[in-house]
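What follows is a set of structures for review.
Paired with subunit B in one complex and with subunit C in the other, subunit A is shared by the two complexes that follow.
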Partner chain A sequence: MAKNITVALAGNPNSGKTTVFNNLTGARQHVGNWPGVTVEKKEGGFGHRGYNINVVDLPGVYSLTAYSPDEVVARNFILKEEPDVVVDIVDASNLERNLYLAVQLLELGAKVIIALNMMDVAESRKYKINVKELSRLMGMPVVPMVASHNKGTEDLRGTIVDVVEGKVPADGAYLEYGKDVEGEISRLEGVIASSPLARRYSPRWLAIKLLERDEEIVGMVKEGAHV
Partner chain B sequence: MMPLSMASRGETVRVASIRAGWGFQRRLADMGLTPGTQITIVNCQRPGPVVLGLRGSRLVLGHGVAHKIMVTEV
Partner chain C sequence: MSSEDIIQEAKQSLAHLKKVRGDDAETLIADARYGFISGLMKDVLQKPSVERRTISDKVDKVIINRLLGIPIFLALMYGVFQFTFVLSVPFMDWIDSAFGWLAGQAAGIDGWFGALLADGIIGGVGSVLIFIPPIFLLFIALSILEDSGYMARAAFVMDHMMHKIGLHGRSFVPMIMGFGCNVPAIMATRTIENPKDRLVTILINPMMSCGARLPIYIMLALFFFSAHQGLVVFSMYAVGMVIAILLAFIFRKRLVKGESGHFVMELPPYRMPTIIGVLTHMWERGSVFIARAGTLIFAVVVLIWLLDYTGALEPIGRTFAPIFAPCGFGQWESTVAVVFGVLAKEVVVGTFGTLFGIGGGIVGGTLAFELGWSALTAYSFMIFCLVSVPCVATLGIIRRETNSWKWTGFVAAYTLILAWILATLIYQIGSLFV
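Up next, the complex of A and B:
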């Protein structure tokens, strides 16, 4: 029997998530709704190398803080549904801003593939992107694409399965925040490690979010403290 | 130093500071607007939003928000 894989598509607004979604799933998509939140989610599927791959198109976000409902939806899906792979659709013509989200996904502990979309726009702006080096620095696979012309779709399908099968590492590079912040992170990590929350979420990620004064996480930790 | 809302169309400025709470500062940082960023004012006609060019992309803010961002001429 075919194995099921869940893939989440994340990315900045207007980076081509839905185009990639349509390329991946073809005509087999249907539209669904998140309970309670007025943000639309699309779901679809395709088969590849003996896997049933379920694709979830998440709302476009700049980051995974708890600033807006769409950010919370995107974050909670990745945290609570734990998709096998997160594909971060990155606008290659706007790397700097887009990679910020990639770093946030990596800190969440997700397995991330960077789909480097709009390579044609980047080239027309005379940008030269060293895909291999980017992949090495980020610690995740990078697939160059031109989704509007359906280029790179097969590569992305293959890379998704490669990551699931453990053939390609996608755990991400370790990001250091410097001596002062790291000191605080490890102090908090030590406290969190003994709490039941640590079984569900990475203590390091919780510590970073607490330092950011992330409302949702602060609330969750406070609640957890009473248990 | 002046508020971004006072800059004129076509001008290039650098962000000096943001006079807002941490939540809003964070939101702007998420979108790439941090102290030190160079900004070109694409449009700032009233009525209408302030259209900015920064880090190779465009960002649209309200005049009220633009008033909280302090910039220096480049």
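Up next, the complex of A and C:
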């Protein structure tokens, strides 16, 4: 019996996410809507090393705040459906801006793989990216790709299975917010730990979101355990 | 701890941070993230020591220039419609003669079935299908502009003007998408965070002339404006945009007051569009029209044919025709076309095809000879079709996205009234000069 894996594809708009999705899934895909909203939901699948891998294409977003339906859909899928792996498609020619989303995925506590796409564009601009160092600092595997030429797809497939089998760590670096903020985070973590919410979500993440005055999370906490 | 306690504790934390750091926690956290990234970048990324200005930067000096930006946008859009026209004519001729041949064969069949085939199905659906080439070519052109990164620039250029009308550049993207189809365009307003901005962007979207309205313009422009086809069709899109912008200004001032949202306009780098990408996007947008021709349009033209065959259609048309007399097209045939056009805009063309039993390429001439239309009538009719009640699918999506029958009814009402007034003004004032 093939084991099932769910992979979520995240990434900024214009990062080549759709191309990566098409490369991974080929013809096996179907399009629907996310429940309750009219944001398009694309799903597809492929088999690899005895796994049945289901790929969900999240809406293209720059961050994971609660400001737009796209961002809420992307965030809620990762939080509530808990995919086995999140693949973050990052535009190598625009690394700094794209990493903002990667950092937020890391905060969510998801297992993240960075698919470093558009390496050809970065190279044509003579950017030198130290892939190993990027992987080490972010605490997640990094797969260089040129999705438009279907390069790196096999590596990505292999890395997804490696992460699921625990052969490659993908838990992410620990992000420090500075002494003052960290002090408040740990104080709030303590308060949250005794609440039923802590059973579903990481208390640290909830604390960060409360400090960011994230409307959805504040609302969720107010409603108590009903979520 | 109760949930209320948690909120209280969080408030204390926020106040504390504000006091000791003088900034919102939100900002402090975002700063920490950016700090983490920029630190990481120093170890990971090596850029060429003196980075030359990229080609993107150089091109942008011209494209997003304060003075040149809007003229460049208009020139490009004009080019798009010229391109659509010039290239599609031979394809349309082929399809037209293929359907002409088919209709000739069907006309040989006796009785009602032959009439249904020749007039209803081949005349009705065929006259819509012949406009598939310009629709697809328009979508190719729009996909190239989008995939290359130009449309993001257009939104950036418009940002300045959009602020003056109480919206911002992000509202411009759904407007451009409306050139394809208003339904996905209205869904795309979900990227607009501010609910009031979003509502106004939805309300004006029907003014953006969709692909289904293109056949009407082409059908009429081919005959009545043969020397300036591209220009006349371009004028429809331009008029639609001007009306949309004026309406946005009025709605924002009178109906949906309040602050407009702030955000940064992204400028993604220019990219060479790939052939596969452009064709895929063309197909994603365009295939809907082929599917509709085989389903919805097919059903409606058969219905129209049936009503016509049984003699029920003309009385319906004659009942409403006086309403459109001041606009210049108070004939029962055009009335029926407009009324059924609410089901789908392609039906306007399909109705003429069915009623006259001819292909879409020569509908214009028939309107001139049978109904006595002039170029002025044709232009008035085009404006009416541009502005009047969007199709039912668009009304449906407006209902779903605004979650309000009130706003949906508002759109239906204002578009109808405005369309009638504009068409009447054009026809009546134009008649004084022609």
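We take it that the second predicted complex is superposed on the first by the 224 of 227 C-alpha atoms of A that agree within 3 Å, B and C clash if a C-alpha of one lies under 4 Å from a C-alpha of the other, contacts with A are read in each partner's own complex, and residues count from 1 in each chain.
As a working rule, a contact is a pair of C-beta atoms (placed from the backbone, for glycine too) under 8 Å apart; a residue touches a chain by one contact, two chains touch by 3 or more.
Please read these numbers as outputs of a predicted model, since none were measured by experiment.
Partners subunit B and subunit C, brought together by superposition on subunit A, clash. When both complexes are overlaid on chain A, the residue A:Y67 reaches subunit B and subunit C alike. In the superposition on chain A, A:I208 contacts subunit C only, with no contact to subunit B. Legend: residue contacts after superposition of the two complexes on their common chain; A:T6 is shown touching neither subunit B nor subunit C.
Touched residues of subunit A, counted separately for subunit B and subunit C, are more numerous for C. Applying the stated contact rule after C-alpha superposition, one finds that A:N23 touches neither subunit B nor subunit C.
Of the two partner chains placed around the shared chain by superposition, subunit C is the only one that A:I192 touches, whereas subunit B remains out of contact. Once chain A of one complex is fitted onto chain A of the other, the partner contacts of A:S93 extend to both subunit B and subunit C. Of the stretches 22-30, 58-66 or 328-336 listed for subunit C, only 58-66 runs into subunit B once the two complexes are overlaid on chain A. Subunit A residues in contact with subunit B (one complex) as well as with subunit C (other complex) are 62, 67, 93-94, 96, 100, 125, 212-213. In the complex of the two chains, the subunit A residues touching subunit C come out as 13-14, 19, 37-39, 62, 67-70, 93-96, 99-100, 103-104, 121, 125-130, 133-134, 137-138, 148, 175-178, 180-181, 184, 187-188, 191-192, 194-195, 208, 210-213, 218, 221-224. By the touch rule above, subunit B contacts subunit A in their complex via residues 22-23, 26-27, 30-32, 55-57. The touching residues of subunit C, when paired with subunit A in their complex, are 1-7, 9-10, 13-14, 16-17, 20-21, 25-26, 28-29, 32-34, 36-38, 40-41, 43-48, 51, 54, 149, 187, 190-193, 266, 268-269, 271, 274, 277, 397, 400-401.
Of all residues in subunit A, those touching subunit B in their complex are 62-63, 65, 67, 91, 93-94, 96-97, 100, 125, 212-213.
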